[in-house]
């Protein structure tokens, strides 16, 4: 998993029907965990707010144990970091 | 997932029989989400047009919930971004 | 998927028994789709020739719908591009 | 798998319920195995200590054979390297 | 898959019980197939020797068809290249 900061949300009205109701957030990995230009779109099912530092699961992990086994998702916010600022 | 711009399509007449009928599009990730030279070929099942900004699912996610579980696909357009220009 | 050019083949006499009969090709991704030094070895089940531009599926996609579900393969040539030169 | 050094732990109070009880560690890959800025968060189920060099499984491998098949995990510490210093 | 040279082995006494008996080798991808600093730890089930050029399967492919479906493995040596020197 990586730690990243939630920058904002993304709206997609025309999308795969299995994605209806999913909340898409733009996450920027912290500097120690990624090269430049590596923001991702992650589905949030924790209720993360803009500016919060979150734990993001990538790949098939994004669908496991999140009730999203049937959704075309490859990144999910699975936790909010308690002391996120210390990782930026 | 990443956001990218649809640049054009790709034609492959001789291909795996499970890919017959699939529409292949060239997608260029937006700058904040990828390093240089990282265009990909994604299967479109939303009806995205050239120039549109789209949400692309990568890896096994490209086959899940898209009725493509039996196709050799590792990238799929799963949504069209409402305000795509703001991400370029 | 990515588009690449077939550069040649690879011979491995001593290998996993599930790979017996597989044809291994060296594929170089086109410049717009990869950084430098990113050639891969892909299994060909289309009959691609050296110099041809092909569509390559990566990861688990390389085993799906190719009758290769039980083989340790992470890259497969799944199509030949009609107008490959235009992507180089 | 890659070899990395355990730098510390991460606390996430608000998280996916399937992650309750998981211990998250920050791991920095050794220089020969990664580019700069590629630290990851891995779940530890071996009991690795800070400063130890560990073997990390990535992707779906992080959930297999670790009794974590139902958890949204994409990186796991699966071994402690006997002579870790020799790889730094 | 990628081609790499076997540099040596790794010993991990304290490890996941599903990895007992696995032989871990350090593999350095050949220059045309990887950026700098991208050595990996791969499980060998072919009997590769130090200095040999091998075919490495990555991701879930490392567990398929290798009788390793239940092991937390993401890289495996699946073949020895006949004319490895030509790829270095």
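Just so it is clear, A, B, C, D and E label the chains in written order, and each chain counts residues from 1 on its own.
Operating definition for what follows: a residue touches a chain if its C-beta (ideal position, glycine included) is under 8 Å from a C-beta of that chain, and two chains touch if they have at least 3 such contacts.
What you see is a predicted model; the values in this text were computed from it and never measured.
Path length between chain A and chain D in the touching-chain graph (shortest route): 1. Annotation: 19 Å between the Cα-based centres of chain B and chain C.
Mean C-alpha position of chain A lies 31 Å from that of chain E. Counting partner chains per residue, chain C shows two or more touched chains at residues 35, 59-60, 62-63.
Chain contact topology: the protein chains form a single closed ring, every chain touching exactly two others. The sequence of chains round the contact ring, opened at chain A and continued through chain D, runs A, D, E, C, B. Those residues of chain E whose C-beta lies close enough to touch chain D in the complex are 10-16, 18-19, 24, 35-42, 59-60, 62-63, 69-75. Per the touch definition, chain E reaches chain C in the complex via residues 1-3, 31-35, 45-47, 55, 57-66, 76, 78-83, 87.
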